[in-house]
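Structure first, then comments.
Letters A, B, C and D mark the chains as written, and numbering starts fresh at 1 in each.
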Amino acid sequence: MATIGFIGLGNMGGPMAINLLKAGHEVKAFDLSQAAVEHVVSEGGIAAASAVDAATGADCVISMLPAGVHVEGLYLTGEAPLLDVVSDSALIIDSSTIDAATAQRVSAAAAERGLSFIDAPVSGGVGGAIAGTLAFMVGATDEQFTKAKPILECMGKNIFHAGQSGAGQIAKACNNMMLSILMAGTSEALNMGMKNGLDPAVLSEIMKQSSGNNWALQVYNPVPGVMDGVPSSNNYQGGFQVDLMFKDLGLAMELSQQSNSPVPMGSAARSLFSLHKSKGNGGLDFSSILKLYQDS
Amino acid sequence: MATIGFIGLGNMGGPMAINLLKAGHEVKAFDLSQAAVEHVVSEGGIAAASAVDAATGADCVISMLPAGVHVEGLYLTGEAPLLDVVSDSALIIDSSTIDAATAQRVSAAAAERGLSFIDAPVSGGVGGAIAGTLAFMVGATDEQFTKAKPILECMGKNIFHAGQSGAGQIAKACNNMMLSILMAGTSEALNMGMKNGLDPAVLSEIMKQSSGNNWALQVYNPVPGVMDGVPSSNNYQGGFQVDLMFKDLGLAMELSQQSNSPVPMGSAARSLFSLHKSKGNGGLDFSSILKLYQDS
Amino acid sequence: MATIGFIGLGNMGGPMAINLLKAGHEVKAFDLSQAAVEHVVSEGGIAAASAVDAATGADCVISMLPAGVHVEGLYLTGEAPLLDVVSDSALIIDSSTIDAATAQRVSAAAAERGLSFIDAPVSGGVGGAIAGTLAFMVGATDEQFTKAKPILECMGKNIFHAGQSGAGQIAKACNNMMLSILMAGTSEALNMGMKNGLDPAVLSEIMKQSSGNNWALQVYNPVPGVMDGVPSSNNYQGGFQVDLMFKDLGLAMELSQQSNSPVPMGSAARSLFSLHKSKGNGGLDFSSILKLYQDS
Amino acid sequence: MATIGFIGLGNMGGPMAINLLKAGHEVKAFDLSQAAVEHVVSEGGIAAASAVDAATGADCVISMLPAGVHVEGLYLTGEAPLLDVVSDSALIIDSSTIDAATAQRVSAAAAERGLSFIDAPVSGGVGGAIAGTLAFMVGATDEQFTKAKPILECMGKNIFHAGQSGAGQIAKACNNMMLSILMAGTSEALNMGMKNGLDPAVLSEIMKQSSGNNWALQVYNPVPGVMDGVPSSNNYQGGFQVDLMFKDLGLAMELSQQSNSPVPMGSAARSLFSLHKSKGNGGLDFSSILKLYQDS
């Protein structure tokens, strides 16, 4: 079993660290919030005094932070860069959802020092983090991926090797942009059907069995009452917040801009989530985008 | 077995009529093209001299025409309206893809005369028409639907009761708008991935197993070479033409306008297919929308 | 001075008819609303008992109706088509804002009978109708235009010869689509400036003197308080209603569909006005689109 | 007369430096390109060996660089930050078009050291830079603006005080986003008119005198032949390149993302310029967006 330094113990990182503990790993946990650290300690983790403390001597370092600026600061440009302290044999896994350019920059800086830094953002939400059923999209060499996989499998179910450094972030940006398109599109198709007298459950079933079939219709119907156990049937509480979708769409726009990849549909979806957020709905599940379409 | 008058024997109507023959029905076939009539006759059909001839005395009249203006002309406003000649007990099934308003207008006119006119547009394309695996989206009363179902089952696999008169057309407009959104969205996500170095097959697989999952990724991948037997792997030949998708998106816009149902994503998709069509790609399969995104 | 049959005496048609009276013409006025007729009579008009009565014997027939279906019904397909009663030498001017295809169809039917039907939709709103400062966009032959011009000048200031039959409707659809794009674009640019701390009056002035200059900044600023005497400074009352802009954008979409003219910006604007209308703002001036963008 | 350190002597910066010389200022000029320096020297400038050399002892430092990363590097985070060498009384004017956040960050760092850094991006293009008719949009305190104005007037005609630090960049992002919307909208309106038989010169004139009036119709018509002396009448050579518009739209998206300002129209315009650029048109004038719409 490995010694893992885990930095960033929020809604996602906390349960992920605990799943590593459950799998038998030793986890040195650090977060700016003392309460978050203590929660992991109560499950068997070791409190680290700092990120440097967590990383020093670890076989593996995992980070789960809000944005690229935090990741770059932690490893490279901050006051105590972790790239200065991790051991040569350690594997660094960043599971934050950040821009691919930052992931590639930190990875390149690590490689220059003979270190391994890979990007492995997740999907599956807080529920998946707790249940250990996250999907990981990994940007790494084959060797790095092989090394990372057993560790990631303690926290997730589907471990995808998306490609080289940055590919995990790129795959996640593409997928989540697609998701925003699906959800907005499904909402507007169902809303148009309802405004013209169709039963949303019937129309959902028809489209699910036809060429309109997609993930939203299958497991995340945006119309309250059509499906049990989804945010739309719980006042759009829980799930994946509009604020987070808006953040991810910002990353997709950045990627589009840097690579000049035209994204008219993703841009249209981002505009809709932006309008929806501006009306105070940032904290709702993203399937609440249906409300933007509805008559008031 | 019933006597069926079938009007409109094109790429779709021809094979549909032939499947009715195979199921044992008597089919009186009419089309403006003599060759189209002869083809059905060669499979056992009876040549009708006119639409009126096909409809007179039939237990069931089925039409498969290009647009609402043809359907309204055939049944109601033309020189020899079929509503004047069909028997009281006959069931009229219009399988054309037309605007819901026309379908409802003709149905109401039929009802005033004690006749039954239902809308039952299809999806599944020429392949589905030949194989008898079409999906039918039906706008009808329960009684009408019950009566129509065994006949539709000779030509299709999934027979959906979408709702009252017009609901079949509405469901189809919603579904095909959703399809255009899916296909454009999937194309742009895959293109952005490819421009950033990802393998489209790998990215397709990741999204298919994640929240970006949709019909295009499952059975109709737009990137040449990712999937066998789809139009993208055959120079975008066959399949569902850009011209037809553009037509269907026009119907969706009309429905949106009449009911004030906002359709920003569908409108964005229509704009893309319009740009693509204006560059001479109207005859290609609609998954060729990928080419609009790609560098040249 | 001419005898003019005027059909359609609403908010626009009423003042237009009165301006013809003021210019010395004889006006036989008809409207389904008796009150509307009486108002014109009180200004010196002659009450017509029907549209046929108004048109019979007139040197010129002018119509101002809500939609293409009314215009086609009035002249061609209704129970008492005016094309059957107008004199050979009469000039028919339709000032309704309708689809170009209907205008062309009625004009062609008129031409077949040796009659002259031209399209001459207006811009300038109720204020312009009252003040006699409307702009007319005319689709007509040179000869027809020459004949119409002095009559139109009694009601308007700028009389444009847009082209042949239908061209007036086409020009209006293009202009009003452009207007919707300007207004939405100006609103979002000013809103982004304001959200980032800029004074909307200062930013408006900068853009007006720069390459962002447009009609909205010049005479119709959407931000309350920046400009006096505009709807935005009067709770978005008066002016040009969202409902009417939405109708005009529907006509632009139809024209786009028929001619396969890609209109991605116009489509995006239509989506925004549609979202705005669905929240109960159809009766506000169209510059209220700013509210769609603003935080609530 | 002042001693001015000028850093960045490209297509814009070169002529701007020369106009300062013409006004009688002493200009210490630096650029990575020796040829660019020599050109300014040939007009009376003094060659600086480095940016530090140019800035040291200057009364005013002006920079004209490609992106925020260069500006931040030059003044703050690079190997020889200019904020370490400029005199306390010097005024630093950055005329680069960069993101507002970087401008504000550098300005705040300058203020901490008792230095003055203002943002003053320009519009007017290479032509305006040569003619000395640029517009400057300035983010500065009143005192800083008063001090900067006489210097900026040597290079430009309209000097706008947009607001506090960053406001110049914000105003420029808003204006150029508006410009992209105008140009795309005007192109699609004119294209739809042309596809329906209208003369683009006639339609342009009608819209210019109506509510569709905007800067593109006034001075920069995108249809070849309608207007003399504009890029569209010169194969879209010269003017403001698609690549630069795409860059500016990227800055607008960033600003929108950071402030959650919905920009659906700007996003739609960015998508169109992105599609156009991906087909190899990055080097054409941005009014060539018309070609994206046209049939091929």
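Everything that follows uses one rule, which is that a contact is a pair of C-beta atoms (placed from the backbone, for glycine too) under 8 Å apart; a residue touches a chain by one contact, two chains touch by 3 or more.
Since the structure is predicted, the reported quantities are computational estimates derived from the model, not experimental observations.
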So which chain is farthest from chain C, going by the mean of the CA atoms in each chain? A
Whole-angstrom distance, CA centroid of chain A to CA centroid of chain D, is 37
Per the C-alpha centroid definition, the whole-Å distance linking chain C and chain D comes out as 39
List the centre-to-centre spacing of chain B and chain D in whole Å, with centres computed as mean CA coordinates. 51
Pull out every residue in chain C that's touching 2 or more other chains. 256, 260-264, 268, 271-272, 275, 278, 293
Chain contact topology (line, ring, star, complete or other): complete
Could you pull out which chain C residues touch chain D in their complex? 100, 123, 135, 137, 158, 160-164, 166-167, 170-171, 173-179, 181-182, 184-186, 188-193, 195-199, 202-203, 205-207, 209-215, 218, 220, 252, 255-256, 259-266, 268-269, 271-272, 293
Chain D residues touching chain B - in the complex, by the definition given at the top: 264, 268, 275, 278-280, 292-296
Complex interface listing, chain A residues touching chain D: 246, 250, 253-254, 256-257, 260-264, 267-268, 270-272, 274-275, 277-278
